[in-house]
Each structure stands twice: as C-alpha cells, then as structure tokens.
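Reading through the structure tokens given below for one structure.
Which chain is which? They are A, B, C and D, in the order written, and residues in each are numbered from 1.
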Amino acid sequence: MTFTYRAPVRYLEVDQQGVVFNMWYLAYMDEAFGEFVAHTTPWADIFALGADVQLVHSEQDWSGSLHWGDTVHVDVSLEKLGRTSFTIGFAIHSGDSSRRALTASTVYVCIAKDGSGKMEPPPILVDALRFQNAAGS
Amino acid sequence: MTFTYRAPVRYLEVDQQGVVFNMWYLAYMDEAFGEFVAHTTPWADIFALGADVQLVHSEQDWSGSLHWGDTVHVDVSLEKLGRTSFTIGFAIHSGDSSRRALTASTVYVCIAKDGSGKMEPPPILVDALRFQNAAGS
Amino acid sequence: MTFTYRAPVRYLEVDQQGVVFNMWYLAYMDEAFGEFVAHTTPWADIFALGADVQLVHSEQDWSGSLHWGDTVHVDVSLEKLGRTSFTIGFAIHSGDSSRRALTASTVYVCIAKDGSGKMEPPPILVDALRFQNAAGS
Amino acid sequence: MTFTYRAPVRYLEVDQQGVVFNMWYLAYMDEAFGEFVAHTTPWADIFALGADVQLVHSEQDWSGSLHWGDTVHVDVSLEKLGRTSFTIGFAIHSGDSSRRALTASTVYVCIAKDGSGKMEPPPILVDALRFQNAAGS
C-alpha cells in the first residue's frame, strides 16, 4: 500500500505540444507531499512545535507525459530518514503505475521556524513520514 | 505618453490551442501595475506609511490573442481616482497598440496594513498614479 | 441544486500576503466550467462536431479571500444563453456559500474549430449548459 | 563570459514564506534555455529541420532563495554534448553569482518532430549550444 495523491490535470498546465509542462510536476509533488504528511499529522501541529521543512534537492526523470483529461496520480514514499533531513520518492502516472510519466526524489531539511537553522524533525513528523512506509509493502 | 510594461510571453503560458491562457493576463496586469507605481514611488515607501492596495474588481475583454515569441506590452493608465479607491486601465497587445489582445480595468482599494480597513491613499501613491496621466496625452 | 466544483487550495497559489493570488481564481473558474459541461457532455463529443468555445469577457468581484488549507468551492450556473454566446456565473467560497470570496461572470462564444468564426452551439452543448439550470432552483 | 537570462521575480511567484516557490525555478530555467539557444539560432529554424528537444532529466540544489523585488539571473552553460542528448547547467542568483539560490542541470534529448524518436541535433542547434561555451570563460 502506497499513499497516492490524485488530481485532474488542469487545462492550463498543458502546453502547445499537448503535454503537461515540466514545472507543474513540482506543483503536483509539493501537493502530494503536503497531503502525505497531513494524512497522519496536521501541518499546524508541526508548525506549533516550531518546525518547518525546506526543500534542498530534487531530481526528476521523465519517462512519459500527461495530457488534458488525465488524472494525475502521485505515489509518495519515504526513501531515507536522516538526522535532520529526509528523502521522499515520487512516482507520477495517470493511473497505471507501470507506465510512469515521472520518477522523482526530493530531499527536505527540517528547520526551526525561528530561523535558528536545522533541527531534528519532531516525533509527530517522523510518525507521519514512517507510517506510510510501515503500512507499505 | 503611456506607461508600458514589456515582457516576453513564456512558453509555459501558451496552452494547447497555441495561445496564452486567460489567467496569465492577470499576471501581466499585476506586474504592469506594480511597475507603473514603482516607476515613481518605491512600494516599500508606501508600505512604510502603513498602506497597501487590494484588488476588488476587475473586468477583461479579449479581442485577440498572444503567442509564444510575442513580447507582451501592457499600456497602463489611471482611469479614475476616488477617495479610497482608484481604477487602472490596461491595454495588452504584442507591440501594435491598434491590435489589442485585451482591454481591461481593475479597481483597487487602498487599505491600512494594520487591518483597520480602507484608507485614503498616501500622497506618494497618488503622485505615482497621477504622474503618468499628467505625462500622458 | 447547483453544480459545484471543489479543489484544495494549492500552497503555491498563496502569496506573501497569505491569500490566494488573484489570477488563480481564473484557473478555478476555467476548471469549474470545464467540469460543469463535462458532467453532461464529454468535451470530445463537442469538438467532434467542429465546435469549441472562446472566452471573450470576464468580470470578477472580490469580497473575501481564500487561504492555504481551504477547499475552493466554485458554484457554476448558466446566466444567459444567446444565439452564439452564453454567460456563466461563478460564486467562489470555501464551503459556506454565504461568505463568498468572489462573484464572477464570463461570456463565452461558440466558435468553429475550422477557424470560420462564430457558430450556434451544438445541441449537446446547449443541453449541458441548460441541464444544471433546469435541475437548479 | 556566460549567457545570462534576466527577469524580475513576479509577485505571484512568492509564497507565504516570502520566497519564490520551488516550481518557478523550472520556469526560469526553461525561459533561460530558450533564450540561450535563440541568441544564436531561431527556434523556428530548428523546428523547420524537423527537430525539437525534450527534457528527460533535471536536478536542482537550492542554497538560497529569491524574493519579491529581486531580478532573477540565470547563468546558462553547456555541460556536456552527447550524440543525441546534451546537458545544460544553470546557476540562479539575484545578481551576485557568488551567492547562488540554485544550481541545476538538465538533460535534453533531441527528437524528431515527426514522432520517429531520437535524432542527432542539427548543426545549427549544436552551434547554438557550443557558441556560448567557446565564447565563455
């Protein structure tokens, strides 16, 4: 079981080649990651503990495309959990996960909202990150 | 003389019909208005006086389209100056102002940054709004 | 009964004032209109008859705002049906329709896909436009 | 000498944390690459030879941020030229190249516009890619 975010492709996201323009995949990934965490822990609870996350690295491999009329599916999983950072994997397709449009991974750092720098993610964030993985297979 | 904002159409703004998607015209208008004011008065000076502006009404008439490769031109002018609100006119074309893609007008209200509601625009904002008109013909 | 389109506000749509930036309302309206029609008639069927629609006028009145965490609700209704054009009304809110963020209307013209100009909307498009109104109250 | 694309940060690109949202960096990179090539060879000439380019991989490292009021600078350079693919490097900053917001690289494949797959880039595209590098240092 994987956490999957779903949303229809918006007409405006499709360029004159008839495919979703590259930057919108980062929009999908951002929304998917947000919901992946929120599925277990409200972001407000994380912020209330003085923590936030910051994107420091991301890489994307395109192997297909998405079109108007497709429903974007973003499969989200925890790839690596470090002391202050973690890596999230994304597989984007239009419903058939064996025909991926994009495979991506993003490294986030947990930072203090007061500007004091990196911090260990609070347990409720770790729980959110781990839960799906434990549930997965 | 009219204040004119210029920017190249971005590839991503063009949809699968090969024309700039409607919402991007509001992006152009927002940038054009921002620069129209900043041409005379830095926004930071306006904010420092506790004032900001809020968009309350906008209307757009499309009479043409813009394409990849075009340079967006946005002619900006003050149409009306009220006590706490003002109306800005926009004419958008790709260089030949007689062949407009869009004619639009937007009503902004001047508001206090402290949340206390509407306020009269500070003189430096009024100067910015009026200057171009005075310079125009 | 009104046709209502729903979608979560994306984090990226919120500006540094903490509210959804104005242009995204046009994105919501475009998606809402697309689904309003598709609810009755697939767009592919309309295109297959050589017809498409073009936006010629739109106006928006803001009376509130939307924030990260809100679900955008767009109530869609047919306001006027002319010979070759029609007007769609939009009310946007975050779930409580009595507290609107935006009231808008957009005029579309039905055009021939072959570039020959305006045409009467095919009956299946008229059915799609009328159905909700008949169902409404 | 490096090819540098410049554009003001748009207000709408800044999120509620007050920094440019991640996906817009891909918009900047796309525009910067487009102008880097067009600086030597019009895209229409490349398309006329039956060639186009497709993005297959991209990776980004964030080391800073961009804000409203900044001018985005994107330094573009050819990193690697293969038989049918090439890698473009991007350094994004707000004017002081020693204080980067982003370092990125993107792999493009040259494809035939007729759908027949990968092809060697036409000499005029190779010239465009190489010219800056020769001129550079």
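As a working rule, a contact is a pair of C-beta atoms (placed from the backbone, for glycine too) under 8 Å apart; a residue touches a chain by one contact, two chains touch by 3 or more.
As the structure is a computational prediction, the values presented were derived from the model and not from experiment.
Participant: More C-beta pairs touching across which pair, C-D or A-D?
Facilitator: Pair with more contacting C-beta pairs, C-D versus A-D: A-D.
Participant: Farthest from chain D in C-alpha centre terms, which chain would that be?
Facilitator: Centre of mass proxy via C-alpha means gives C as farthest from chain D.
Participant: Just how far, in Å, is the C-alpha centre of chain D from the one of chain C?
Facilitator: A distance of 35 Å separates the two centres.
Participant: Just curious, how far off is chain C from chain A if you go by their C-alpha centres, in Å?
Facilitator: Between these chains, centre-to-centre, one finds 29 Å.
Participant: Centroid of chain A to centroid of chain D, CA atoms only: how many Å?
Facilitator: Spacing between the chain centres: roughly 24 Å.
Participant: Quick check on chain D: which residues sit in contact with 2+ other chains?
Facilitator: 11-12, 17, 21, 23, 27, 30
Participant: Considering only the defined contacts, which chain D positions touch chain B in the complex?
Facilitator: The touching residues are 7-8, 10-12, 27, 30-31, 34.
Participant: Show me the residue ranges of chain A that touch chain B in the complex, using the header's touch definition.
Facilitator: 11-12, 14-18, 21, 23, 68
Participant: What does chain C use to touch chain B in their complex?
Facilitator: 17, 21-24, 26-27, 30, 54-62
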